[in-house]
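Sharing a structure, written as structure tokens. Questions coming.
Per-chain residue numbering starts at 1, and chain names A, B, C and D are given in the order in which the chains are listed.
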Amino acid sequence: MRREPIGPSAAAASPGVRYPLDMRILGLFLVSAAFLCADDKSALLQKMDSQAAHYGDLSRKIWEFAEVGYQENRSADLLKSELRSAGFTIADRVAGIPTAFTATWGSGKPVIGIMGEYDALPGLSQEDVPERKPRVEGGPGHGCGHNLLGAASTFAAVTLKQWMQEKKIAGTLRFYGTPAEEGGGGKLYMIRAGAFKDVDTVLSWHPSDNNGADLKSSLAILSAKFRFYGKPAHAAMAPDAGRSALDGLMIMANSVEFLREHVPDSTRIHYVVTNGGSAPNIVPDYSELFLYARHPSMQVLDGIWERILKCAQAGALASDTRLETQFIDSAYNTLPNDALAALVDKNLHLVGGVTYTAEEQAFADKLRKTLPDATRPMGSQEKIQPPTEGKGGASTDAGDVSWTLPVAALGTATFVPGIPAHSWQSAACAGMSIGRKGMVVAAKTLVLTGMDLFTDPKQVEAAKASFEKRREGHEYRSRVPADQKPPLDYRNSK
Amino acid sequence: MRREPIGPSAAAASPGVRYPLDMRILGLFLVSAAFLCADDKSALLQKMDSQAAHYGDLSRKIWEFAEVGYQENRSADLLKSELRSAGFTIADRVAGIPTAFTATWGSGKPVIGIMGEYDALPGLSQEDVPERKPRVEGGPGHGCGHNLLGAASTFAAVTLKQWMQEKKIAGTLRFYGTPAEEGGGGKLYMIRAGAFKDVDTVLSWHPSDNNGADLKSSLAILSAKFRFYGKPAHAAMAPDAGRSALDGLMIMANSVEFLREHVPDSTRIHYVVTNGGSAPNIVPDYSELFLYARHPSMQVLDGIWERILKCAQAGALASDTRLETQFIDSAYNTLPNDALAALVDKNLHLVGGVTYTAEEQAFADKLRKTLPDATRPMGSQEKIQPPTEGKGGASTDAGDVSWTLPVAALGTATFVPGIPAHSWQSAACAGMSIGRKGMVVAAKTLVLTGMDLFTDPKQVEAAKASFEKRREGHEYRSRVPADQKPPLDYRNSK
Amino acid sequence: MRREPIGPSAAAASPGVRYPLDMRILGLFLVSAAFLCADDKSALLQKMDSQAAHYGDLSRKIWEFAEVGYQENRSADLLKSELRSAGFTIADRVAGIPTAFTATWGSGKPVIGIMGEYDALPGLSQEDVPERKPRVEGGPGHGCGHNLLGAASTFAAVTLKQWMQEKKIAGTLRFYGTPAEEGGGGKLYMIRAGAFKDVDTVLSWHPSDNNGADLKSSLAILSAKFRFYGKPAHAAMAPDAGRSALDGLMIMANSVEFLREHVPDSTRIHYVVTNGGSAPNIVPDYSELFLYARHPSMQVLDGIWERILKCAQAGALASDTRLETQFIDSAYNTLPNDALAALVDKNLHLVGGVTYTAEEQAFADKLRKTLPDATRPMGSQEKIQPPTEGKGGASTDAGDVSWTLPVAALGTATFVPGIPAHSWQSAACAGMSIGRKGMVVAAKTLVLTGMDLFTDPKQVEAAKASFEKRREGHEYRSRVPADQKPPLDYRNSK
Amino acid sequence: MRREPIGPSAAAASPGVRYPLDMRILGLFLVSAAFLCADDKSALLQKMDSQAAHYGDLSRKIWEFAEVGYQENRSADLLKSELRSAGFTIADRVAGIPTAFTATWGSGKPVIGIMGEYDALPGLSQEDVPERKPRVEGGPGHGCGHNLLGAASTFAAVTLKQWMQEKKIAGTLRFYGTPAEEGGGGKLYMIRAGAFKDVDTVLSWHPSDNNGADLKSSLAILSAKFRFYGKPAHAAMAPDAGRSALDGLMIMANSVEFLREHVPDSTRIHYVVTNGGSAPNIVPDYSELFLYARHPSMQVLDGIWERILKCAQAGALASDTRLETQFIDSAYNTLPNDALAALVDKNLHLVGGVTYTAEEQAFADKLRKTLPDATRPMGSQEKIQPPTEGKGGASTDAGDVSWTLPVAALGTATFVPGIPAHSWQSAACAGMSIGRKGMVVAAKTLVLTGMDLFTDPKQVEAAKASFEKRREGHEYRSRVPADQKPPLDYRNSK
């Protein structure tokens, strides 16, 4: 649902700096000499290169499964099996969700988490070719690259675990298998179930068309389905005997349009009519409107939402129909973490960007021609973008996690520059070598960052301080109704 | 307000039959020989001809006063003075209204009433010439001919009183001076004050462009002003801080439009925006919508009104503003009375229609040319239309009276055929000889009908039986809020 | 689509008169002695009783086929086979429609037609039991009794043909197999193809819950799908880059609501939103509104339709989207034929109503309890309703036929009194003995009326005179766009 | 109209720095030693103190005149007379506007202008007391302090002229008397008439609640009255015969609401219904909507305006009415000038802020209590705010001037801190000593800045360079229709 493209329009294209290799090594010495031997990191990066193909295969399998939210059974099983084999202890069916799990290794403090997602998007089935060609007509596909996400995070977790074991590093490492990011809000229910309670810091990343630590915030979102129940009647013979559920919906929608003038700038309200009556000659006794509201601040959004609810009630009142409001989803705006962004940025520069082969370059060129207004320049995949503030247009359930504890966020160039997420083009990238190269950059950066956090308590402290400063005393409060169970079938209804 | 034109579209133009004079005399013998000497009626009609000029002058004076509803002080005084001189006892300030009064003569049963109105309409000031020429620019005028109405009813009352006195007829005769028929609802408050409590039958008439006893029903009406109160804010600097009263009004209006599909045929809902905000750069904190709803049945209208109120509440709810609803006016649909219509029809045929002089004919021709689509043919003023059922498009507070006791209703050709009421053309007619000829037809018919009712108890019984049959057990209930005082200043605000 | 219930609210329940048998015979002598021996009719009625079971079976088969409009292949084949066996010449694929056909016998004048329909309604699959029980979940069913319609008309055609052959009656008899009456407008295309060109009079009937010749008019109808094409954009990231097709639809719909005040009474406009956007986070680039407009007069409806088209254009203009209007269906209001109604009424009285067995009575009682507000009384199925004028709330493509030549129309009690068409209850009746009894009444009445028309040229002349008088010079003009082909797949899309 | 408050919310309250006197002198030496003797400035400032009372009186007279836009006859005459006496040559009736004029002295280059306004605002009549007390009930008042504006600019012009004459400074000095800034757009017509053609730089200032050179931009604005013409009809008798002008307006307004989602952030669209029909029982044949649209960029606003016009056309199309669009006003967003802002800032620091007497302090305290949420702190009137970028919420016709040549802009604390413009509170300040103190600060700063520009060609060059850089090649194009005359009566209609 709300994992929208982080495309060219959503990120300024400032030229990243590429450090020459020796400079990188030097950087390692200068920055982390005090607590971590630069050789450790170098060695681990080399080791990861040798295992990249295995995790690339893993990502390809999940790409082929292409399972939508809360139905990622085979995808989750694959990751669980991988982690179990590596020695992690699996906690299954977290929050009562069949495809949510955690995989833990080690003990004691600090507790560092790594999040992985693996759900696909409806309608985006696509072969790994640079023209539109669905694998299964109308089927789901990995347009947001979550196949890479889950695989890279697993890659990072396993690598870190081996390093910790080898180096006898204290602390607890935990992989979070978080399903249904695309509108199902898996993380919300995992938070509610207490799965993040004891964690100090969480590492996350997301496929993108460029490389950069993330300081941007997403939009807080609330969404619901508004259902009106009227009274049917023959529309020609006895229209006065009917109570039109469609009228209720229309009046609500009109009212929402009038509301637009009186909400703060940067508010977004958008809706579709998912049921607008069945037959013209019957006064509709049922209608449904599906609405999202967003704002850069959840606290502000609460006030806007209250007014939207009143518009819905007004629709029912004026049309003499009954209203049922079904909460669908919510997500906080993500709370950036300055300390973690700096750490990630540093490590990302150590890892470097993505270099294409001639073949990949040809694929990229061809793909970009299908989106002629792609603004991000070719070649930017090789660079690192500096972390910059700003608000994106997307929303994510990782936002909720970011208001409960410090979260590191990162994007890597899994998609050809200029290719937005949630497109068949991104789905194609996610299934071939370009996507896999980007995922390795992510996995490596997560590993280096995890190493820092496990070995330098000050980094964890700094992350916590950044977290406290940014949230300004606001206590996280889930917007999910207390009695709402995870909408495990939310992908069936539409 | 709702005293709308009873124009060409409101009455079928069936050719009336004119009885030759001798046939009329014969008819008198045949029909009323048992209880009333035909000579009585003939004599009285002749006597009335000799007094017609006096009452014509009276009507002209009121035409020149041209006083709007609840401000008809000089008009009411003139009629009271006339009736007082004739021996009637005046009850002044009925229902606390300065220009409402009754004038009573005689005692005992039956009690027969005659209603008279005398309020003018804003904006219809007009000379008695066949082209548009206001006497006072923008001033009020007698576009509904109520100057004739009050004068003819007074004429009838005085004549009947003299006849009763002379012939020693038992019973009570009462003139009702009913102000502010045009939207002020004078009669509603007089009913509430008990002014009609002891009456057996009421005679009424109304200026028209043709002659006929009235079996048609008017439309029941309810009207209110819907006022929204919001919160002002600078519309460019802080529109989100404002709560728009105009939004409230717009959402209400939109909702009412959706309602139209779901009300019975023949419903009418119409409104204007009487205040839509003061300046574009301020979020409006006040707005006002003035709405009428009508239907041939007050009982059905009640249900429609309830839904309109919900639309108004929805407007306030959705816009986060406060709603105040001010009841303005109501009127029942008129309940036709079959027995009285037959009686009036009979007497109207005795009286005959209106014959123009050459001068009047020229005036009429010229006037009709200003309304080229006048469908009622010239010459029809000389004829009597048969009483026919049907629903008109107008509303009147006489409707409320008609649900409390039997009311006789009559129209006479005071306006040139094809000239609708509420026009400058009808205002012109009401001030010259054509209007005065029509008013004499009315006065005479009222007198003859009054004679029948005073001398034949069976006629009163028949009227009561017709009343009971038509109302089908429905008990009159005023729609005026119990605590509402007559809106004496309703003509000042607009 | 628009073959709506001719239920209790659509016909006044005046008590029909049942003539005693001998009186009927007498009537035959008195009325038709001059040209037709009463024995002929009596004999034929008896003969039909002996063949009723066969045609009942036919109707049951079509009921089981339950094929929707333009897909009535097996149903049409069954009727064609029956008519071919009886000696008729089949003209197949009339107007290029696979399931439209004519079956002709005889030659010369007069040419008398009988129309038969056989399409089912989506969603009304039902067993022949008095509680809701679909034969196929969600499948189509004969809720309008067209299985009976086609079978009875075939029964009448075959019977008439045998009589003509036996009695050497001159003239041409033609059965019209008219598909897709329920919204597909089969007859419109058959008219356009010239199939009714040489016909003098057409006989038609329709299942109902009572017996009576039809003088009522249906509503003229026009319908279209309004499709808006916008420009997609991410609704959170770049809503200003999008052009919302849903906005276009909403503005059109709102505009139509405002139009409601300014169309004549008895107008009906109703619509549903058949596509209101796909996902809330995308500015919808496509939307579709499906709208019907109706009025008792096609000529008046034309003017209303023009304004609706303007509302649609306004929606596109204001939202900067593109509009495509797809004509879907049209039907004239039916033009009653006074002469034919009198003839049918006479013959219907000869035939008599429907008498239930105890079992049928029990079925009827049980069925009526599922619709507790059924107003038509039990027992009325035995009676004949007098032909009365009026406008129903339904529409039919038979309306178009009725403006091109004289059409006789008839309803018979195939449904339990009080059971409206287009219900599972009517679908149940159409599959069991009650429906079959009603269809025999229809078949018999059609036969008797056909006999009259074939043997008495004056009856045909009278029918033509009635036709000319009612249409008042209006020349039939199909509202189907000239280049529009029959919408053979109209039942697939929804 | 659109001279909206530049109140506390529109400007960040950063603490200004007050230089000690000796530092100021030092500054003079350092900065302008090369071309201007610091003593010159000091001397002139002292001389101005001695003449402040005279110009204060002038401002008070104009405050008492309180003449609205294009009716500022006495106000303009007073200023013209003052300037004529001082030796300026008056050009009267510029652009055909009775109250627009220029006053020129000197010759040759550079040509430096000073702009002065003098129109009052409707409804803001107020005594110079700290509670709401109109001088004339409902009358106009100087809520935007334009009485001070015109007087201070005149003060500056006369002072500069005397200095130029005395010091034999080359160049041309021109005072611009620009009427009807509040919605009449006087400057637009003066530009069109070529009045600014030969000018190098224009100095302007505006009353405010704080002191600071202005780098902020105002909003571009376009406004129009949308008039719909329908066809009247009796709303109960023949609503279908009417064409509702109110419907046209409502559909337009609804459409504009749907547009809101699809315009860029920071767009403002606001409207009021200035005529929503006259009487509920008549289908309105006339309606009027008055709308403003604004955006930080005129070029972007053009595109938004085009869509608003389409919404208006859609209203007419859907309601079958006729649309007339009357352009009312336009203004470019102001183009800040960095070089001039720096120069003004420098001189403003030389002049210093406003110091209150105890009496003034008491007045200020009392006044602030009437606006309890005044955020700008007391005492800030003594300080100088640094020039900061940003967009305000107001609009001004000075914006158009700023796109044709370099304009210096300045605000001074004529209003008590926290008091917004366009309030009775600001009107009170503008009539008493606090306002007059602020106007002296303005006059002095204009004089010092004028001295710099006349004596240092590089400053003029820098101003021009800043102008070119900011406008990025955009050529000024007036949005006033070519055939539109100044709306001299725009204050009569409302």
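To be clear about the criterion, contacts are C-beta pairs under 8 Å (C-beta built on N, C-alpha and C of every residue); 3 or more make two chains touch, one makes a residue touch a chain.
It should be emphasised that the depicted structure is a prediction, and the values quoted were computed from it without experimental measurement.
Colleague: Of the pairs B-D, A-D or C-D, which one shares over half of its contact pairs with B-C?
Modeller: Most of the contact pairs in B-C are shared with A-D.
Colleague: By mean C-alpha coordinates, which chain is most distant from chain D?
Modeller: In terms of C-alpha centroids, the chain at the greatest distance from chain D is C.
Colleague: Please work out which of A-C and A-B is bridged by more C-beta pairs in contact, and write that pair.
Modeller: More contacting C-beta pairs are found at A-C.
Colleague: From the mean C-alpha coordinate of chain A to that of chain D, what's the distance rounded to whole Å?
Modeller: Distance between chain centres: 49 Å.
Colleague: Whole-Å distance, chain A centre to chain C centre, using C-alpha means?
Modeller: The mean C-alpha positions of chain A and chain C differ by 56 Å.
Colleague: Need the CA-centroid distance for the pair chain A / chain B, whole Å please.
Modeller: It comes to 72 Å between the two C-alpha centres.
Colleague: Where in chain B do residues touch at least two different other chains?
Modeller: 239, 250, 254, 258, 261, 270, 283
Colleague: Please output the residues of chain D touching chain B within their complex, sorted ascending.
Modeller: For chain D paired with chain B, touching residues are 1-2, 4-5, 9-10, 219, 223, 234-239, 246, 250, 253-254, 268, 270-281, 283-284, 287, 289-292, 294, 392-395.
Colleague: Considering the complex alone, what residue numbers of chain A touch chain D?
Modeller: Listed in rising order, the residues of chain A that touch chain D are 254, 257-258, 260-261, 265-266, 269-270.
Colleague: Where on chain B does chain A make contact in their complex?
Modeller: Contacts found on chain B: 239-240, 242-244, 247, 250-252, 254-255, 258-259, 261-264, 283, 307, 310-311, 313-315, 317-320.
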